[in-house]
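Below you'll find the structures, each written out as structure tokens.
Paired with subunit B in one complex and with subunit C in the other, subunit A is shared by the two complexes that follow.
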Partner chain A sequence: MNALKGWDASEYTAAAGTRIHAAVLGRSEAPVVVCVHGLGCSHAYFLPIASELAEEVSVVAPDLPGFGRTFGPPDALDIRGLSLALADWLRVSGRGGALLLANSAGCQVVVDLAVHAPELLGPVVLVGPTVDRRARSFRQQCIRLLADQRWESPSLATALLPAWIACGPRRFAQTLRYMISDPVERKLHKVRTHTLVVRGERDPIAPSEWATEVAQALPNASLVEIRGTGHTVNWSAPKELAQVVRPLLAIVRA
Partner chain B sequence: MRTRGSVVVVTGASSGIGRATALRFATAGATVALTARRAAALQEVAVECEGFGATVFMVPADITDEEAVRQVADKVAERFGRIDVWVNCAAVTAFAPFGEIPLSDFRRILEVNVMGYVHGARAALPHLRDQGKGVLINVSSIVSSVPQPYTHAYSMSKAAVRVLGASLRQELRLDGATGVKVCTVLPATIDTPFFEHAANYTGRKAKAMPPVYSAERVARTVVGLVRRPRREVIVGPMGRNLVMQAKLAPGLTERMMAIQVDRSHLYRSRPAPATDGNLFQPAAGTGSVSGGWHGRRRTAVRRAASAALVSGAILLVRRSARTRAAE
Partner chain C sequence: MKLSARAARYLVDFDSGVNMVRALARFLRGKDHRGLSVGVGSRPLANLVSSLPIRARRRSFSAQGVLQGIPLDQARHISADEMSEWVVSQYGPGPHQVVVVGCASGAALHLAAALHAPFLPQTLLVAVRDLETHPDDPVGAMEALTPTTRLVARSNPEINVYHMHDPAQDRPMLEGMAYLRLKRHRLGRIFERFLEERLAPGGTVLVVACRRTWPCHTIGERAYFQFGCLGGLSEDDYHNSGPRIADYLSREGSPYQRWEPPMPDGRRPEAEWGFDPALLADLELVTARAGYQLRRLEMDEPQDISGLVAEVYRSWYRRRGMSGQRLLVESYVQWDPLWVLRTGAVPFWCRFNMQPDYQELQRYLDSAEPYEEIFVNLFSQGLWSPGVVSVSQWRQLAISNATVVGDVIGVDEDSYPIDPGSTLRFQPAFAAITGRHPLPAPLDIADLDGVLT
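After this line comes the complex of A and B, so read on.
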């Protein structure tokens, strides 16, 4: 496999019945930040935030089974399936306890991880957590996804194009259905580690009301809003995001 | 949901329908967790399931013990990370005139058949809810809508199970858990060791009341429910007729059922000593699917007879049409 543009290395780990691909950037012996991508995405859209943090930490962005460069089973995995795969990868690669930075559906995967593998959880940053329980339908989510495009830079589409192709429409739709039926608000209380909820000010997918509710339901969380950005804060405002994540790195170091 | 790769818990897996269901799930490629009181019987089922290439997990427990059942669910979730399907199948019965059944036996039947299912549902549903998807299958019986004499406790318990299912479905709907399904299976008379294991105070040996169907048939339905969940399913076409009849002519059905149970559910010529069966102590031995009531053979004979009847009728109609045309 050819080297990834912008990243230091590309590693493959045998876990969860497949070879899980992860992109790595930053100092090797530094504390680790694991980035968990959202629906139809891959490691690629974490590059800006990874470059921002590379000086201080080692950033690892795995592709969940069926997304990016990791092959998945023919049928899409549900949220529990994805979080079991993530847990297995964290164990095998010895990255348990790392800071988990998740975007969108990745937040659901990380929250679900707290249900069955709380010991693997380090500090958590949830960027634009899904799915707003007031808009739990396929139609509403699609509308919001389209509405969000206004606030995303066109360059995001070019970064995600290979990921969309790798995922394919069938897996995309199946995973979205699983996301919608996943009762994330029931499980938030199980995330006992230090948590930060981040939302873009203009994000229609995770509206302010919902982000507040998520932050309140988490036992140990605070909410940060980043001005002028949409759903994918890690792509459109890496500097601001890095700034709010930095205080949490001290916990990983300790 | 796909059965291949899903994690299935079956209670009452040591014999009868539960055992057949566990085996069927094993052949369908599911990971099977087996629960019953008899560890030795579970061991035998586990070996059989492994023969089909399935991953098996044994957790012996008495379903009347709430804590033990919760531990079953937790252990399975810990081992496999999830529970996709929970099948409540463990049940007991007694044949006795109402005045003669010891109240302790009556209570025990309700405890096993009702509270056992409640414990199972309480243990399983939090896991299914957290996953946002999964199926809870309760095995009830057609006696829930077509009650019989001498098996009051059993009929009551099966009606309760059916209602529990309906109630849970509504609650999940209100809760927005559209991915979690609750299904109730209503089998007719099934060829299992159930009748031999039953408590009996009638003085007459119990037998499987015809028409008898095989336990594999119920198992097939249960596995089918995972692929395509339905609210309630009756197993056995005669059972379906009976339930329909009970709705259309309830009084007549009650009268018929009384006579039929007296004639063909209990032997007139074979006496049986009073026993509390497997209510308090599990039955001896390592269990089996069939109870020796020839469920499969009887189904085959019924099918052959109805085929003969239909073709005979067609021939008759044709012949009379032909003679009329000749006249």
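After this line comes the complex of A and C, so read on.
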């Protein structure tokens, strides 16, 4: 495998029946921030936020099975399958209790983690949580995804295109199906650690009403909106995101 | 082949678990269970099939066995997860207030229908084609199938595999196929996801658990051989053949005078009807996590709850201002929840058409408030198995206990029990019962507090 551009290191951990790849950036002795990617994505689109936080923490962005550089089973894993894989990786790599920063479908994976392995959860940052329960259909999600493109930086394609190719259309569609049917709103009360819900002001995938509902259903959460951005705040507004994440780092340090 | 189509092909159309799923899924969509949900309900067609000479009728059962079985070399594709995927694909998106999980039972089917609940079976039947072994040579059949049974168990860690071999009731089918029953000891991701996604918040998982066990011979890790099954013969008849079996084998023209099955090394949940309590651990975990209620309906024998469900229906009808004076006795998988409700009939399910089923119905009728009308329908298994009760006896039982009219319906007396038209005839016979009632709103699970634990 090639060295990763912009990241310090690339590590592989035997976990969840595969070798899970993770990109690492930052100070090795510092508190850990684990980034959990969304549908069809990989570690790559966390580089801007990782660079912002690298001075203070160690940022680790694993590729879930079937995505990025991690091989997965022939059939896509459902949300529970992905969260079980994440749990296994957190245990094996000794990163349980790290701050979990998730984007989009990654938020569903982190919320599901709280159902079966709450002990692995540190503070949680949910960036653009999916899936809005009022838009639980393939068609609505596709329309929203297209509508979001207007608010995303064209450079995001450089990070996402290789990830989409690695994931493939079949796994993408299967995972989207699992995402849509996942009753995430019923599991939110299981996330009992400090949680920050972040949404881009222009994000059509996680509209304000839904993000508010998510924040209200979480036992210990607050909601922050980042102005002028779309769904992928970690790519398009890393500075602003780093700013709102920093107060939570004190909890990890403690 | 598309995965769900492959699962449907591998499953057996006359299996009790499959028929519960099909009947309930169709009922929840407002449809009946005509032709076991895979064929038609047609009296003329049934009469045509039943009019064939006896040898042709008998052979048609064996031919069904051959057709239902999958070639041995495809056994490596048998996937319990694909079967589960097929099960959940039969039902709508929900949300459901109740989901029934566990072992098959016609009484549980009617209870699930009353609650508008889907059913997730613990056990499903897969048949593999086996034309070589003789039905009366259990050791030969076991040895021929052992590599396959072990293979299926090995490739499906969440199930126990039972090679079930019953030359008394399944004889025509055994001429063409071998029975592999896949019994879940883990719930599995697909059923777990079904509960998490389609059961309403605060909903109830109702576990139907039959405690019936049977002597088994272990042939590998999670792989067992069960000789015989619940029916007209006792466990002892199967394992220590006596004159009754010698007589039966001679009538069937078998070269064997007795059965010599492998020595059982323990008792396990009965392959078709028994509930493996190992599944409870996962159910308790899932219901606790999701905040669901877990209720149980337990029984010693599969038909033990038939009387109880009949009384639930009777009192439910009466609360709706109906008389509850009509009893419809169904046997094996010739059930139809839609027509039971449409005709306002109280359902009483018999596991088969054997002496123990006859006695069970007799006991119920002796204890229950008399019915004005009693209609009995009987399944045809393709031979005069030891213990089969004749149509005239069933009719006599219905007549002597009904205060107005008692009869056997949907049965061709000349061809019974070697009547391949039976599955085509039962639904039109139910539909011919006079009187129609609107379909009721679902029963509330709270109404069953007295009967559930």
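Here is the rule we use: the second predicted complex is superposed on the first by the 254 of 254 C-alpha atoms of A that agree within 3 Å, B and C clash if a C-alpha of one lies under 4 Å from a C-alpha of the other, contacts with A are read in each partner's own complex, and residues count from 1 in each chain.
Please note the rule applied: contacts are C-beta pairs under 8 Å (C-beta built on N, C-alpha and C of every residue); 3 or more make two chains touch, one makes a residue touch a chain.
All values reported here derive from a predicted model rather than from experimental measurement.
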Once subunit A from each complex is brought into register, does subunit C clash with subunit B or fit beside it? clash
Name the contact category of A:Glu11: first (subunit B only), second (subunit C only), both, or neither. neither
If we overlay the two complexes on their shared chain A, which of subunit B and subunit C does A:Glu201 touch? Say first, second, both or neither. neither
Between subunit B (first) and subunit C (second), which, if any, makes contact with A:Glu225: first, second, both or neither? neither
For A:Arg133, decide between first (touching subunit B), second (touching subunit C), both and neither. first
With the two structures laid over each other on chain A, which partner does A:His116 touch: subunit B (first), subunit C (second), both, or neither? both
Is A:Glu56 touching anything from subunit B or subunit C once the two structures are fitted on A? First, second, both or neither. neither
In this superposition, which partner touches a larger number of subunit A residues, subunit B or subunit C? B
Stretch of subunit C hitting subunit B after superposition, from 37-45, 199-207 or 253-261, is 199-207
Starting from the residues of subunit A touching subunit B, keep only those that also touch subunit C in the other complex, and list them. 78, 80-81, 115-116, 181-183, 186
As the complex stands, subunit C meets subunit A at residues 189, 192-193, 196-197, 201, 289-290
Spell out the residues on subunit A that touch subunit C in their complex, using ranges where they run on. 78, 80-81, 115-116, 181-183, 186
In the complex, subunit A residues that touch subunit B: 73, 75, 78-81, 84, 87, 112, 115-116, 133, 136, 178, 181-183, 186-187
Going by the contact rule set out above, which residues of subunit B touch subunit A in the complex? 2, 5, 77-78, 81-82, 129-133, 176-179
